[in-house]
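Before we start, here is the structure in question, set down as structure tokens.
As written, the chain order gives the labels A, B, C and D, with residue 1 at the start of each chain.
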Amino acid sequence: MTTMRRWDMTGFGRWSLRLEQVPIPEPLPRQVLVKAAAASLNYRDKLVIEHGMGLVLGFPFTPASDLAGTVAAIGEGVTRVRPGDRVITTFFPDWIDGASAGSAKTVDAGTLGGAHQGILADYVALPEAWLVAAPRSLDFAEASTLPCAGLTAWFALVERGHLRAGQSVLVQGTGGVALFGLQIAKAHGAEVFVTSASGEKRERARALDADHAIDRDGWVGAVYQLTADRGIDHILELVGGAHLAQSLEAAAVDGRVSVIGVIEGYDLSAAAGQLLLKSATVQGIRVGHRRALEDLVRAVDVMKLKPVIDRHYALADVPAALDHLDGGPFGKIVITFD
Amino acid sequence: MTTMRRWDMTGFGRWSLRLEQVPIPEPLPRQVLVKAAAASLNYRDKLVIEHGMGLVLGFPFTPASDLAGTVAAIGEGVTRVRPGDRVITTFFPDWIDGASAGSAKTVDAGTLGGAHQGILADYVALPEAWLVAAPRSLDFAEASTLPCAGLTAWFALVERGHLRAGQSVLVQGTGGVALFGLQIAKAHGAEVFVTSASGEKRERARALDADHAIDRDGWVGAVYQLTADRGIDHILELVGGAHLAQSLEAAAVDGRVSVIGVIEGYDLSAAAGQLLLKSATVQGIRVGHRRALEDLVRAVDVMKLKPVIDRHYALADVPAALDHLDGGPFGKIVITFD
Amino acid sequence: MTTMRRWDMTGFGRWSLRLEQVPIPEPLPRQVLVKAAAASLNYRDKLVIEHGMGLVLGFPFTPASDLAGTVAAIGEGVTRVRPGDRVITTFFPDWIDGASAGSAKTVDAGTLGGAHQGILADYVALPEAWLVAAPRSLDFAEASTLPCAGLTAWFALVERGHLRAGQSVLVQGTGGVALFGLQIAKAHGAEVFVTSASGEKRERARALDADHAIDRDGWVGAVYQLTADRGIDHILELVGGAHLAQSLEAAAVDGRVSVIGVIEGYDLSAAAGQLLLKSATVQGIRVGHRRALEDLVRAVDVMKLKPVIDRHYALADVPAALDHLDGGPFGKIVITFD
Amino acid sequence: MTTMRRWDMTGFGRWSLRLEQVPIPEPLPRQVLVKAAAASLNYRDKLVIEHGMGLVLGFPFTPASDLAGTVAAIGEGVTRVRPGDRVITTFFPDWIDGASAGSAKTVDAGTLGGAHQGILADYVALPEAWLVAAPRSLDFAEASTLPCAGLTAWFALVERGHLRAGQSVLVQGTGGVALFGLQIAKAHGAEVFVTSASGEKRERARALDADHAIDRDGWVGAVYQLTADRGIDHILELVGGAHLAQSLEAAAVDGRVSVIGVIEGYDLSAAAGQLLLKSATVQGIRVGHRRALEDLVRAVDVMKLKPVIDRHYALADVPAALDHLDGGPFGKIVITFD
């Protein structure tokens, strides 16, 4: 077999996506050829496909960043993995640990499925440094959900937030990052609040061990009541825009709001009084670095965390999977390769 | 002598301020009687006098929080100070160290010259826990500037910001907090940027050892140029409102914006992209705790930091001092008692 | 009823302990009268009774520090508690939060049952600041185990150690601090190792959800094997002396050894190479501050943590309880008052 | 010119060092050819030459790690530097940021002049990732002192120690790391103590702005006296062995002892009481990572820090330079290439 399937964009818009038959790549020195087993789609992939999010893409462009698979072959000088190893990709492949790259004027956009070609193909050849061992306790579909959604929640709560048992955590909605936030927080002994406009989704969140699942309408008041006015220590702000103001109202003194999502818009606004008088912290989260992904992998194995997958789609059904993303899945959407 | 002078508000507005002759208080158990030598005025005192900032004040109300003086007498059971000790007040007297009090709904407003009666009087009787030893290297006028303006800059840069040598710091304007920020940052080996609309004030900032004093017009572009696009690690946001957006544009990757002032309004706004892609932190600063004030006092003595006082006024001239505050002083305004 | 029972030492040695009938104290202003329900004994109480640990005690002296009970009456000016509240004591009553007191030469020894009279009595009158609300989810006997043993493990792992899910934690033995360490670590999603010389105690540790219970003989080698040479991120050093050297051998790169116990002696020794090449941290732990105890109380309620009590004794049976302490209990020894 | 000078060891012991004439290397892909201008010797180089410090060296072996020079040529794919750039080497070339590599059993020894060939040659070819831009404000001799001695002091005080103005810092002796510690601490606004057995060196330390230079005899008592018993916040332990016990006696409550040197032996010992009752931290320091070296470079330029060089030697005079190292230089020993 010398050819493989790969999704290519010839321009912006979903109609420009084509499933092509192309040659299987060869790993260059220090590169690894990964045979894909599962890929996870993120809301951001939808935006890249639709308009590129301001990125300059080289067409034909393959979208998506989150891959789980098996090392099929290794190039010269590779030492981090061996053929047969189960691996996952990293979202910011050059961000190994600690401080991130970029400048005030031009931030680093060196992501898979962004500045770099993505992974929606039967095989991809990637530098060895871009891969991390998959958790032993997860299957490929589950493992594929970690690089972006899983790591984002972990980075906000654990790496930046230093979450500890007994603190309160609130996640907005029931998408992929939100449910990872719920599960990671519970595994750290936190008290978890989930907001959702859907009674059915609130029920499902409770089944995942959320302590409180509350309606999006009037959620700040509900938080006051449920916490005896204490408020929330860690909020994952997944809505954005003017919704940040409500998150700061709900925040506890010394509380932390991790800004991740921008569904309601890119123009954040909030009352200064809430920020100042609470000594609150508003922190932008851009997924995370490779070392934190390795920490998450180890934690997943120890915590026995099982990522929530709403639906699996075959590789040929990526368009249907994107439609599902539009509707707001409960957890993650995964593409499986067979 | 059994009576003393004290400024009392009988209601809101400057015209309601009266310099009264009242009895010298007696220190209760665990209280200390302080003979005032100097008091420092803050912009916030102006706002409390004008409209109370939403606080419920008990009239007659004595404004202001920052006092330096000498222990004149001690009540029963006092162990922290002795008669003759030189002391300064704390702004949030019940916030000793670590986490601050209050809830999400009702934040702690227990400040001197706020929920508590203020200090604009020849003598005040205060719980011993509310006092800190004055720095040995400062006179009373200088020492009186630390409890609010000095501590705010210190708390933002050092206690919360973990400032280190080689980092860049930008302060907006040349008021009390800004100039403390400049001096504290220089003493930590940082590279300091000051913005000001006034050429003369920029000159004076340079004389205080600012590395760069730049015009408020187009300051973000100037920062890009002066830092080769790297941006600023620590920004003291003293303007507020929509100005926060500019601070986030000027921030370095992993940069920190400490929100302190709200001159341009209480409605903060900013672009989510800047916050997310830079992993930036926006942190509300509410002065600081007693332990940090003690740290600042020790640091002032070691650094040989001399607070910048724009003008001294006699106690009788508080109204003129408030007028000066309106105009935007260069550094601090101090009231001296003789 | 105007009298109560109280254990008094008239000098050092267990034979000098007497259960006396004495007047019930009155709460002074800002004091609280607590009716005792349960007290927990620590190894340190044994040492204080036997030789005072170098402390200057005022005889008759009442030992022990950890009390759970009900507010029976309050003195003038008390605001933190109300009659009927369920409360526990703090070990270092003047250490509220943040930095601790004392100097390089004379460290703070202001503990209950140390520099201050202890709590082994039907009623105690204490400053209100020395009390913390008991967890809602624990009975009095369980709640009494938190102030010293529970807080020590929490402070080492969480407050100082910033424990996170997926990390490895090792506790030495199965005493009170060790089992709290095990339970707190599991509740944070950590992988937990317990060492014990007793096969039966190892079995009981596994029943408490320890991932690995290993023999004290050759434990470092067992750790290498079980972690594929990675080592342990957090070690609670409860043995002391030359045993520290073994803990540093078992520590992971960037690992942390919290020194708590000194059963094998006060002369710590270790190889510099292990410390340097691993960038390891050795941290002395002296119980913890009140804010951390409040955090622990909230965490206990959220985590549903149930402290492990080896045996309950009646107040009259304190001598038998001390004998039990000699033998090395599995978890805590509690005195109940009825 | 196709050949160059290089110091080679053919075995252990100084007599096995030869200055050879060998071909100038070619940079491979992603490698950089650096033309040496200055190299700095460390005490560790002396030990590697004498007995290898337990490392398995491939003979002929070129010792030393700290090089400053100019990029002479670049291999294929190099993006971090350009010909003509002034650069310095990194000590642990694969440690970029954050967590360090290695396991509990086998720690990472991947240092230049250790597991990797060293740099005592007119030209060296190194992976581009192993280089950092030299500070603009230093000449080559000064710049060559940063990778090991400068970074060690910086890492202990700033990266791990979070040094702040007003804290006290004590360095033992007047070697390279000690004097960097003195200068970095002063640039952060700290109060600095230096111990030395030599009156003349104490005088020179005072000339470098040390606040207190004290005799090694009875230094702990002197610290108590000079700090009014408060003790020292940060101690650079450069002596090792049983001397650690004295450092812990001198440490302030919550103080930190960074263990760096082992002149008096590898068997550390100390009293548990000092460690526990002070909540002290003992931290092993193994130089530091590349990001911290980049931070130090920027700080050196902002602080205008000038490293202290005791003497310059020509490349041919390395044996004399090693003799000088035996005697304990005041600051650094530098080899210059011309």
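The rule is simple: contacts are C-beta pairs under 8 Å (C-beta built on N, C-alpha and C of every residue); 3 or more make two chains touch, one makes a residue touch a chain.
Given the structure is predicted, the values throughout are model-derived calculations rather than measurements.
Chains that touch both subunit A and subunit D are the following: B, C. Taken together, subunit A and subunit C share the touching chains B, D. When the C-beta contacts at B-D and at B-C are tallied, the pair with the greater total is B-D.
For the pair subunit B and subunit C, the distance between mean C-alpha positions equals 41 Å. Residues of subunit A in contact with two or more other chains: 99.
On subunit D, the positions that touch subunit B within their shared complex are 158, 162-167, 184, 187-191, 211, 295-296, 298-303. Of all residues in subunit B, those touching subunit C in their complex are 29, 96-99, 289, 291. Listed in rising order, the residues of subunit C touching subunit D in the complex are 99-109, 223-224, 227-232, 240-241, 249-255, 259-260, 262, 265-286.
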